[in-house]
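The next block holds one structure in the form of structure tokens; read it before the comments.
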Amino acid sequence: MRTSHLFIRVLKILGLGAYFTFALGPIIWIAMMSLKNSNDVIASPPKFVFTPTLENYKAITVGQHAQHVETLRPDYPKYFLNTLIIASATVVVSLLLGTFAAYSLARFSFRFKEDIAFTFLSFRFAPELMVILPLYIVFQKTGLNDSYSGLTAAYQLVTLPFLIWVLRGFFEDIPREIEQAARVDGYTWWGVFRKISLPLVKPGVAAVVILSFIFAWNNFIFSMILGGERTQTITLGILGFIGYERVLWGQMAAATMICVIPELILAFFVQNYIVRGLTFGAVKG
Amino acid sequence: MTGYALRTQSPNPPHRSLPYLLTLPALLALIGILYPFVLGVYYTFTNYILTEPGNIRFVGLTNYIEIFKTLDFWKAFSLTFVFAGSVVIIELALGLGVALLLKDAFPGVRILRSLLIIPMMIPPIVSALMWKVILLPTDQGVLNHILSFVRFPPIAWLGDSATALLSLIIIDVWIYSPFAILIFLAGLQSLPKEPYEAAKVDGASGWFMFRKLTLPLLTPCIVLVTLFRLIDSLKVFDIIYATTKGGPAGATVTLHIQSYFEAIRWFRMGRGMVYLFVLWFLCFIFSKALSRLWTKVLMR
Amino acid sequence: MADIVFQHVRKCYGDHEAIRDLSLEIRDREFFVILGESGAGKTTTLKMIAGVESVTSGTILLNGRPIENLTPEERDCAMVFETYALYPHMSVYENIAFPLRAPGRRIPENQVEQAVLRVARILGIDPFLDRRPAALSGGQRQRVALGRALVRRPAVLLMDEPLSHLDARLRNEMRTEIKAMRESFGTTIVYVTHDYSEALALGDRIAILHQGSIEQVGTPSQVFRRPVNRLVAESLGDPPMNFLAGTIALDQNRAVFATGDMRIPLPDGPRLRRCVGKEVYLGLRPQHIRLERHRPDTLFSLPSKLFVQELLGDHTVASVSVKDRLFTVLGKTDQAYSIDEHLYVTWAPEHMYLFLENTGETLLAEGD
Amino acid sequence: MAEIILSHVSKRYGKEHGPFAVKDLSLRIRDREFMVFLGPSGCGKTSTLRMIAGLEEITEGNLSFDGKHVNDLPPQSRDVAMAFENYALYPTLAVKDNIEFPLKIRCWQQSRIDEKVASVAKALQITDILQRKPFELSGGQQQRVSLARAIVREPQAFLFDEPLSHLDTKQRQVMRTLIKRLHSQLRKTMIYVTHDQNEAMALADRIAVMHQAELQQVGTPEEILNDPANAFVAGFVGEPAMNFLDVEIRMEDGGPAWIAHVGCRLAELPVTLNPARWQAFPPRLQAAIRPHHIDFSVTRMRATDLAAEVGTFESLGERGVLTVHLQSQDVTILTAPDQTFCKAQPLWIHCPLEHMYFFSKETGKRLHLDCFDRRATP
């Protein structure tokens, strides 16, 4: 009995070890890569031991030239800023549009309610290009291509259904009787919404905002097709380090780290809501 | 508390029009999205060529018929399903397995659970690039280098049509298995404790309990993971675009990628939209069926 | 000051008819209790008065004025919810002050403070005013909910099973306390409960609600001693009344209750004579039945077999099978019987109830 | 056959010096006895039960079944069956599969299983719901199924963890009767945990009252009710609760000693009583008396009557509960249901000495005057 227990424990530890090596190995490798100089990066076989340098980070942020290696013009800060602008604007617009819709879908019963709700959801399950390609043509005609406002509008497809569904779940979690109590206490529905419902879903809203921001930040396909030189986002920028004529692994790694670290920090704040968010509120984790 | 959401009917609103008024802005945004969607469906019936925007002709079902006759379509079609099927099965198994290992408390388990979310929070396109580096052919790639310690000959991974799809599956599993793990973990943690204690007192073995209690109780989780992962992997785009771009030699061309080639690379908007419409239709059917199944298993 | 009148009120949820044709008059400053099992429509009735549930058809009059089209904030009702429905993000003080701070009331803050402190003192919650509801015990939350309802001196105070989530001891204490405070409320009170002893203890009048219809309205002693039907009789009393099926027959020109070959004489009267041949239930309250080892010298007895006996220290509860029914018997004795022992149940004739089988209508009540 | 002996059993959760969930509990549960653990929530009664079941490790002390040390035996080897508070049915299995689950594990033949399940289902009147799933059943039905699952194994002992607490009053009454009946038919050791003193009184051969992780008293229902070992037991058992009054014993030279409550005479001690008995009592005492033992009258009948004022009167159908205000506190009196009182009406109450209990105010320990035989006056 005892020995088999021990055996199972060892097996468990081995299993977890294997999985987490697989899960974290690539990130650690990229982090290491971002600290390698241009020779170490392309060393074959790859180097595990090297002298760390920040030259990749310098190259992509302030454009400092490293020895013998051509660097891109440091567009990276611009991409970063672009993404920041578009993702923030997207979240703000979604929040303005979505909060009331979520509340209304959570609290009131009206005709077509479930149909409307499912239509929102169905965009989550549609192939992105199905909407983006025609949108591209519409944008070309209206001149919205490569504009912040155009991208912000298009990004609603990423964040709005998500925000509505998850927030709806949070509103549904408020016991109905609490709102009824406030009605009886003499408040209009608007007063109840402002004084009771909204404060109670505050943590939910915070989580939804952060997750929406991350999703917008991570998006690639929208900005690839609908964006352009002016509005190029960070994901597209990172892809740009790998071209036909040159491959800048080290700078790509550094750009990746800069792109990823802020959102990982954000994600850790809302990790308790992540399952709920990723399943559109289906699992209340 | 962990649990599943069930939608319940709600009583009447203060004013009949209020709910519509509140939903209206979002609904308008929705219509803004629906318009291009409808436009896209219309394009499938035209010979729209991107370079000749002035010359759009209605051609009926010609695009569909032509495409269904090509081998390319059916190759992309089956490739899409092979990819999605393998990914879903591997992620379900891996997800349940790792979740079972992470279920019980032990020192450090909280840290491990938080580290889990990392791959999911990184932009998929960036994850794919990271893996492209790791899977570099010859000894330059770190994976090949590590494998060489156990006398494994270097593999071209993404560069070889024999292993390209497998490489993509590895990348997808890397990104999304945490999703399955987290859902299974939430499911396992919300399992009622008492039936297990009752089974223990009744004298059941661990395997017996897993088969008779755990697996049936996790059905909602299994359906949910399948729903999200199946749909998302049917419409996979980012990771293929970042790594193989469909290559080598068309070994990784899925419906989504093919539609991109048709519409953007070869300017054949009409044909591209047909691919997309087929893909959309598949996603729609599966999402509808699985979400219905999910409500059903929730009602049990 | 308020009286409430229900006129043919119906409430449907989809196809389900929660309240069917409810007509009711609740008098000014009355303590009115609605008693019923869960799902009987009690809470719905209350919420229709409060205005958080709509009325499907019919009218509710408050002081003679129809209110079914008024929003909740326009009616002067306060409500204590079963779940207390305290605002979790506010302190106890803010919870109680909340109704006073409603925009429509425009009460200056110093008056709000006075009112809150006064109510908090009466209810003994002044030490916790800074706490959040989560940091309170069940009894304390209950008091806060009560305080929030009372602070604005509403015309109508609605209470929805306010004690059901408290443990037995605390429930009795709070019941006594509500009874003691009711004069100081000075409002009409509509109180919903499923606990008959709460209803009897608190109510000036009680309405027994069953599946959306009112069975009987009356004072506690009316509904307890003279229930109009079997349902009412069964819902008041713990353990509940025992019933035995039989028929009314004529034996030597006297009405008797006949079950099997047993005959039990009934008090003679034209009403019972008219029912000869009808299927009926004999009703006996557990505390009115005695157990005897030997056949007692009375016509009011039936043979039985002991199913199980529970000795409770100062009294006993015995279950005996009479015919094929289980009877509960409450007794003071500490006489212990053995399982399956043959016993006789016996009772005094004035404690018999008789109900028609098909309609449940009472033919005979205590003291008839 | 199962005699279960706990000797000096303790349980702590978590850290070594964490609070005790159960502290130094010694108890002998006789073979075929119906033992009830009674106490408020958090008193350690469920932990004790779970230790007996093997679901919780024993921190300290010894547990034995029929003289066999079982501390380290896993639950499945202890041959006990357990019914849980929330029934713990296997949610995905039909009722029949639930009941035969323990037999399936023991690899019984299907024909024998069917026979056994049918007979148990009949005894518990669940034959017609065998094909249903647990979520389709009412609470009472679920608990019947869980009892059936326990009985079907024919274990040495049954453990019940508050099995009736989620049922409504009527169902609770019915199930209580059923469990009592099962005990007399099966003749097996049963251990039952509850916070409901009524249930405890009704079911138990003996009751173990627990409070704050410690055993307070073990005895028959009658002993617990009429001879409480301390103030906690006295206050916890009985409905409505016992009245407690702060008292002191006084004596003026020569005269008889009397019991005083805020200066008023409450009762006189018999002159035959040796003063040494009560002189050893601590100075601060509590006198306790049950609501149905207090007499009241409109006029003063005795020198020891206390002046009171009517607070509330609740008529509960079969009985009435009268709350009166004394100078310092409220007192509950049980009366006939058909009394009428006016609010604030003056009343004289009388507490007969033979029904009074005395407890130390500090420790709550029972103090005996020993001038009455308690057993003779239930």
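Points worth noting:
Letters are used for the chains, namely A, B, C and D, taken in the order the chains are written, and counting of residues starts over at 1 for each.
In this section, a contact is a pair of C-beta atoms (placed from the backbone, for glycine too) under 8 Å apart; a residue touches a chain by one contact, two chains touch by 3 or more.
Given the structure is predicted, the values throughout are model-derived calculations rather than measurements.
Identification of common neighbours of chain A and chain D yields B, C. Here B-D and A-B are compared, and the pair linked by more C-beta contacts is A-B.
Centre-to-centre spacing of chain A and chain C amounts to 56 Å, using the average Cα coordinate of each chain. Rounded to a whole number, the gap between the C-alpha centres of chain A and chain B is 16 angstrom. Each of residues 9, 11-12, 14 in chain B touches at least two other chains. For chain A, the set of residues that touch two or more other chains comprises 188. For chain C, residues touching at least two other chains, in rising order: 52, 71. Here chain B touches chain A in the complex through residues 1-5, 7-14, 16, 18-20, 22-23, 25-27, 29-30, 32-33, 35-37, 39-40, 43, 53, 94, 97-98, 101-102, 112, 114-127, 129-134, 138-142, 145, 148, 174, 177-179, 182-183, 185-187, 221, 224, 228, 231, 234-235, 237-238, 241-242, 255-256, 259-260, 263-264, 269, 272-273, 276-277, 279-280, 283-284, 287, 291, 294, going by the rule given at the top. Interface residues of chain C, counted against chain D in their complex, comprise 38, 167-169, 172, 175-176, 179-180, 183, 196-197, 200-202, 220-221, 224, 236-240, 285, 287, 307-314, 317, 319, 326, 328, 334, 339. Note for the complex: chain C touches chain A at residues 47, 50-52, 71-73, 77-79, 81-83, 85-89, 98-99, 102-105, 148, 152, 158.
Residues 168-170, 173, 176-177, 180-181, 184-185, 195-196, 198, 201-203, 221-222, 224-226, 239-241, 292, 311-312, 314-318, 321, 323, 332, 338, 343, 378 of chain D are the ones that touch chain C when the two sit in their complex.
Taken in their complex, chain D has these residues touching chain B: 53-55, 74-78, 80-82, 84-93, 101-102, 105-106, 133, 135, 146, 149, 153.
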